Each structure stands twice: as C-alpha cells, then as structure tokens.
Amino acid sequence: MIAATSVPDAVSKLGDGKEKRIVWLMLPSGTPTEIQIQDLAHMLSKGDIIIDGGNSNYKDSQRRGAFLAERGIGFMDAGTSGGIWGLENGYCLMVGATPEVAKTIEPILIALAPAKDRGWAHVGPIGAGHFTKMIHNGIEYGMMQAMAEGLDLLKGKEDLNLDLAQITELWRHGSVVRSWLLDLTADALKEDQELTAVAPYVADSGEGRWTVMESVEQGVAAPVLTLALQARFRSQDATGYSYKLLSMMRNGFGGHFVKSVGD
Amino acid sequence: MIAATSVPDAVSKLGDGKEKRIVWLMLPSGTPTEIQIQDLAHMLSKGDIIIDGGNSNYKDSQRRGAFLAERGIGFMDAGTSGGIWGLENGYCLMVGATPEVAKTIEPILIALAPAKDRGWAHVGPIGAGHFTKMIHNGIEYGMMQAMAEGLDLLKGKEDLNLDLAQITELWRHGSVVRSWLLDLTADALKEDQELTAVAPYVADSGEGRWTVMESVEQGVAAPVLTLALQARFRSQDATGYSYKLLSMMRNGFGGHFVKSVGD
Amino acid sequence: MIAATSVPDAVSKLGDGKEKRIVWLMLPSGTPTEIQIQDLAHMLSKGDIIIDGGNSNYKDSQRRGAFLAERGIGFMDAGTSGGIWGLENGYCLMVGATPEVAKTIEPILIALAPAKDRGWAHVGPIGAGHFTKMIHNGIEYGMMQAMAEGLDLLKGKEDLNLDLAQITELWRHGSVVRSWLLDLTADALKEDQELTAVAPYVADSGEGRWTVMESVEQGVAAPVLTLALQARFRSQDATGYSYKLLSMMRNGFGGHFVKSVGD
Amino acid sequence: MIAATSVPDAVSKLGDGKEKRIVWLMLPSGTPTEIQIQDLAHMLSKGDIIIDGGNSNYKDSQRRGAFLAERGIGFMDAGTSGGIWGLENGYCLMVGATPEVAKTIEPILIALAPAKDRGWAHVGPIGAGHFTKMIHNGIEYGMMQAMAEGLDLLKGKEDLNLDLAQITELWRHGSVVRSWLLDLTADALKEDQELTAVAPYVADSGEGRWTVMESVEQGVAAPVLTLALQARFRSQDATGYSYKLLSMMRNGFGGHFVKSVGD
C-alpha cells in the first residue's frame, strides 16, 4: 500500500500511463462521485479504467460510462452489498461493464470477493451493476418493513406478553423467515427489546427511492417496496400535515371531535 | 312530540300494542344498541318494528333481525349518511328490511328524506342497509385520504408557495375532483391553512375497520381503502415501535447513524 | 375565427409583431409540445406570449419558461380540468405565470372560464399551473380507486344481491361521498352494471405517474395516490410474472400446489 | 409405532387412562380440527393433553384451551414452521401452553426439534403458539412479496437483459437479503426463469388473512403485510371488476378510450 496526498499524486503513483491504470472509487453518490470522475477523465489515458464502487444511480453510471468511452477510458459500476459486516460475513459485488473491462478486472474481483467465484458476478453492461444493487436495496427495504410490522404486532398483543428476543432467536432455527436480517434483529433485541434509546425515525438512502421511481417508469406495481419507503417518509414527518387535514375534514362533515395541539 | 322519561314509558306511550308500534333507535353501535334491542324485544309484541338508525355492524344487524323475527318483531337497519349537515344539505338513508317491513316504513322514509323519492332506498334484505353504509364510509376514508395526500404535496412544494385555500376553492368550479368533501375542505382552509391548532391525530370509527375486514373475508384487494385506514392508525401511534425496529436494523447491517431519543 | 394552413401561416395572421401575439397550444405533452414551442420561439418576437394549455410536466414548463424568457417571450402554463364535459359542466383553469403575463392574459381567462371569476386562478409562478393540475389528477386517481374498490366490495357481497345503480344514485343525494365522479359512475351503471363490454384494463397518463415521483422527491408518503396508480399498472400486466414467482416460492418451501398454465 | 384404525382405537392404544395420554393433532385448521377436538374431549380423561400442531387461528386455540380446561384436559398449541423441508433443513416449533403442560411436553419437544434447545420455544400461554406462527406467516408473505417485486423489476428492465438465476445466486453469498426464501428462489430460477409452466395465480391461507385482521383489531398499520396479501387476492381475481369500473369512469369524464373485451 502506497500513501498519496491527493488524487493527482495517487494517479501519478499508479505509473506513467504506459501500463493500464485502474482507479477504484468508493465515494458518496451524486456530486462527490461526479466531480471525481470528471477530474480523473483528464488525468487518465486511453485504456485506463475507473471503477465506481459506490451507490450511484445506474443512469449516472450509464452516462459516465458513455462519457469515458469517448475518451477511451473504461468504466465499471460495482454495487456492493454487505457493508461494514463484509470482512466478517462476506459481501457480494454486482458488476456492470463491457466484456473487455470485465475480463481485465476479473483477477481483482476474484481476489477481493470473499466467496471466491461466488461473491461477485458480471451481471451485464455498464449500469447493470448499480441497477442490480438498487433493486437489491429495494428488496431489503421490503424485507425489513415486513419484519418490523410483524414484530410490532407481536408486541401489540399485550395480553400474551411475548418475548420478542426469544421469538426472533427461535425463528433463526428452521423457520421460513430465517435470514441475515433476522439474525441481526434477534441480536439487537437481546439487549433492550423496548428500544428505549432509539428514536422512531428511519432515514432512507437514494436506492430505495430510485427503486420506486423505476417501478413508475416501468409501469410495474411494486406496492411493498413502495410502502416500505413511505413508512420511512412517515417516520421523518414531524408535522403530520396530512393528518391535520384529515382531522379537520372529519370535524367538517361529522362534527367529530378534533384533537387540538396540547390535548 | 310526546316526551317520555324512560324506554318502558316511551313504549307505553306508543299505544297499547293493538296498533303496530315502531321504535327508531339512534344509538352508538355495539353494547348500547345491543342492550336496547334486547330490552325492547321483551316490551314489544308481534308485528311491532325496531329500526336501528345507528352505525351497527351489518352482521350484528343480521343476527338481531333473526332474533327479533323469532319473536314476530320486524327489524330495519337504516344507514344514514350526511351527519350533522343533514338538515341543511340533505342526507340519505340506506335501508335493509324484508319487503313487508319496508312497505310499512315507506311513508316515514318519504317524510324524513329531504330529497323525497331520492334520499332513501330499500337496498336489500336485513343487513343490506348497514352493509351499504359501511362501504360508503370505506369509500369516504379513501376519498379523504386522497385529498389529504394531494394537499400535502401541494404544501410540500415550498418553492411554489401555493395557496391551498385558493386552489381548493378553484377546484370546486368545474374540476374532476369536485365533491362535497372538497367543499368542506375549501371552507376550512380559508381560515387557517396551516391548521396550527389541529393535532396530527385522526380517529377512526368502526365502519372503516369493518370495510377492511370485509375485503379480507371476500378475498378482494382494496389497497386504497386499507391504506386510508392505516394512515389513521399511524397518526394514532405515539410510540413508533416499528420505526425504532427499522432504525435499529439499519444500524445493525450498515452501521448507519441511529437517531437517539433526544437528538 | 380565421383558418390557417400551418403554424407559420397562423403566426403571420396574428399580426406583424407590432402588437403582442398570443399563441395558445393544446397539444399532447412531451415531444409534440416541445417541438412546437421550439419552433414558435423562432417565429415570435419579444413581448409575445405562448400558453401551454396541455398536460405538460411542470418541470418541462419551468425549463421552457426560462428558455423563452431569454428570448423575451412570455410563457403561461395552464392546467385544465373538466375535459370534454367542459362545455356543459364547466371546467377550471390553473394558471402559472409571471404577474405581468398573468395580467395580460386575464381578459382571455375571464372570457374563457365558464364560472367567471371562479373558474380560473393564477396559482403561482411558471410551472405552478401544471404542478397544481398534476396533483389534481393524482387526487382524481385516488378518488376513482376508492370508489372502484368500494363498489367491488358491494358487488362481491353476493348474498345481498345489491343493485349498484340504485346505490350510487342514492348516494348522489345527501351522502358524504357525493361528487362529480359519483355522478358519472351512477350514470354509467344504469346501463349495464356488469360492465360486460368493458375490458379490465385501465390506462394511465403522465400526471398520475409524475405525482408519485413528486412524492418520492419530496420524501412525502402518498400511499393512496401511489396504490391507485399501481392498481392501473396491475390491470395492464398481462404476464403476471410476480405472481408466478410467488407461486413458485410457495411451492418451494411448502410443497403447496402450483396452478399450472392450462389448469 | 403402533397403527390404529380409528381415533377411538388410537386413544385406547394410548393406554387405559391411568397414565397421562397425549394426542398430537396435525389436521387442517377449521372444521376438521374442531370436530376432532370435540370428539377427543369425550374420549380423554382429566390430566390428558391434546396438542394442536396445525395452523389453527389462535382465537380458536384459546377457546378450545378453555373448553378442555373445564374438563381437566390440558392443551398445547404448537405452530410449526419449516414445512416439508423440515427433515432436511430443520423446522421450529412455537408453543403456547400453561407452564405445567409445557413442562410435561418438554421431553417430546426436545426429542422432536432438530436444533435441540433452539428449535422450539414455549412462547406464552395457550394461543401464543398459534399467534406467533400467524405473525411469522404474515412476515413471510411480506418477504416473499418484496422478493417477487424486486425480481419483477429486474426482469422488466429489458435492455439490460439480466440473468435472474445468476443474480439471485450471487445474492446468496454475502448480500443483505440472503435468506432461506432467496435460497429457494435461486434454486427454482435455475431451471426456467421465465416460469413458463407456472400460472400467475397465488393461493393464500388463513394465516396471512388473520394477520391483517389482527392489525385492524389492534389498530396498528401493517401496510406491507396487507399489500402482500392483497397482491395474492389480485392474482385470484379473474373478472377484474374494479378495473372495469375505473376504465368506465375514465371514459365518462375524459372521453378516454375504453378497451373493450376482445380488443
């Protein structure tokens, strides 16, 4: 490993351009990735390759791939799942690239992917890697939401006084819902199943939103992926304007009691 | 109008039982209606009629109709829509009864319904009145929710700084969404479109819930009616346990930031 | 009314450019509107105004407004609701424009809008007209879906043998769900409530989709507007691949019977 | 293993009633289970125990438990997950019972559960076993639907020509969505990812429906579990009456083209 103090410095240390240079970016999607790829386009030469290992929108990756191709620079979009647990639990790489670029990068992917010939796959042309990762995350949203709703109902059945840590641990052993998400959930519930310290606020990232937009663009119903995203939106909504509207309408037509702020 | 001090007193003032006696109940659904009908069953005689003008579950009405029929007492379930606005704006009556009972009650319905031969209808056998009313309310939930979501999005588009009172008033004149619910909404928004004093809490009544159960029993998808009900459930959920679970899971697999209580 | 054989001919007949020329377009959104506005930009002069009375995406309108402003040409986006029923039932115009352009066009809007000072409104800057129209249509989707689901449940309750034409007609008189959509529905059901000749296929237009995308962009939950759109997607899906997947999974883990093509 | 030709014969072979007799039922829920338990109630004696290992509604189990308790007969509700794969992959048992009954049955559960002290758990009082199993299945519905929607979108992105067998196999190795359901899906897609022979029809069983009813009874939003169930309802709906209604309404207000049967 050789340290570098700047991107130009790093690029210079990759050699003088006589050999193929490969730059693997792991940056936040959007502007940071965009700027870096634009910059690198001027530092790199024909035959070099840029890999975007971040969570970019696949349309950006397609656009960037075309832009770099005009300059003779190769591009690979590599969606990564497994996150911070990768080292311990493995992770997988979904790769989009031309066959030529994929062939060049293959030895690196084999070296990187913990499950040798199974922890990565060249799933299609440029953009296919990030597209596949996007859908993966959409599914993840849906699975998480299914789990959260079910556990909410277990907890809500107060007269049975169920132990959610016990039940999720049990489900890990032979049930149909066994999954890595369940493993994590069972672990977390062992500590404090009331989740006293956790705020009822769920952030969302680009990929969940892009998946829903994709379903609109394709004209394909994806109610569960969509509602999972919208549950997060709800959790982020501190004002509840739509609820206020509903309460006001109810009062309007039925003289129903309106709960006032402060009640 | 003759005042009575108790139900037995009222029944006695309806005559000595030589003529048909008709008792119209307007009570909260559930126990109050149940008790009253049980009591009346012992005070009334063969040929008398009980009308339940409240919001009972249609299955209760069917059961009560059968119970009273065994005693020779007629029954009518009359769902009413229009609520407190009835006097000014009219209301409508959805009536379930045997043809005989319906024929007996017809003069009363004609006298009561503001829109003479259009403000009431004998829609079917016992239970049909409350069933029709239940579905009416389910639709109402959906329409209200559609309106609330749309207005929420208008408000959320902050850079356009839209005037919701102006827009809802405009829509009343010729648009496809013109409706009584829109009339009420436009009126209410004229006063304070921020709805500052209204708490973001929406109550729900039995009929919205029964409609969703009906869709489950029939095995018929009713996503909009269901989600409209669940939006109200969300507004009533002060703890947000499912959001806590999701936030905790996110943290588990991605090391994502968890918003803590107090943040 | 003066006939013209081409757009350049029409523009020339609007005068020699010494007076303000106003061109009102009513074209399909997307490419046809785009091409026409690009063409007109070269035929018109400073001070002239283009009105887009079609169903354009508000972002396109904002972009076109800025493009025309660079050339000194005014722009107005006018969303129209009421469609083919406008002449009989009125319609309403939601207008986005600068105050100057709005002032110029005002006499025309007053002349056009059937409900004089109530059938149109200048709701905000360029784009606000089409944005407001978009949300209007989103609400319309939700209201239609609510109605359709409710009627589906009425019909599904076979033992009550309900007459949907009778019930929808009744609801028009005093109920909470009375609305123009209900008027149309009641009318249509009078003829054939089985809808034998109608295919179970519902088309969708841009505005329903854009509304859902707007909810994703704003991060605002709009479950009913979204599910109403997705119900249409479902109706358009002839293959049912997701159902096939589910059936296959069910078989996989439970040995459940899989219905085969041809069963 | 001793064969018996009838239930009375089986009961007699369990001994003369001096020792505790334990009867484990694995029957379809509803009437078959009800009849059998009623019958057994008359054949068994005080201290004997009936175990319902089927998929009964937890309310039925609570009622039956109370009914048997009056006769001094113990009851255990044992929800089982893992189905036909149990022998190979393990399965888990969710058990509801009084502490006394649970203690009596414990040796049997230890013997039966493949993952010794982890493949079963006494989760609460009578009813708790079937309640937990019901929620388990609700979650399963949601997870399956999430997976199906995501794969549908992968397939719908036709220009990327993705290989769903490759991608689901890849996801099994390190991704966040890895799960038993994914294992099964990946396996099945290896054969024919078009699923040509599978009809787009998904059956549903009681537990998915009961979970949605539970959410209505608790007043807890469970959009994903509900929409997963409703997707199955849609797949079962051959008529599409709600779509016909929507299409008819669209035609009514906009003169939109209505697709006729036969188009």
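Observations on the structure shown:
Letters A, B, C and D mark the chains as written, and numbering starts fresh at 1 in each.
The definition used in the following text is that a contact is a pair of C-beta atoms (placed from the backbone, for glycine too) under 8 Å apart; a residue touches a chain by one contact, two chains touch by 3 or more.
None of the values given here were measured: they were computed from a predicted structure.
In terms of C-beta pairs in contact, the better-connected of the chain pairs B-D and A-B is A-B.
Per-chain CA centroids place chain B at a distance of 33 Å from chain D.
Chain centres here are Cα averages; for chain A and chain B they lie 42 Å apart. Among the residues of chain C, those touching two or more other chains are numbered 83, 145, 147, 149, 152, 176, 180-181, 215, 220-223, 227, 230-231, 234, 242, 253. If you draw each protein chain as a dot and join the dots that touch, every dot ends up joined to every other dot.
Touching chain A in their complex are the following residues of chain B: 83-85, 144-145, 147-149, 151-152, 155, 180-181, 184-185, 187-188, 195-203, 223, 227, 231-232, 234-235, 239-263. Residues 176, 204, 209, 212-213, 215-217, 219-223, 226-227, 229-231, 233-234, 236-237, 242, 253 of chain A touch chain C in their complex. Per the touch definition, chain C reaches chain B in the complex via residues 81-83, 86, 89-92, 94, 113-115, 118-121, 123-125, 127-128, 131-132, 135-143, 145-147, 149-150, 152-154, 156-157, 160-163, 166-167, 169-182, 211, 214-215, 218, 220-225, 227-228, 230-231.
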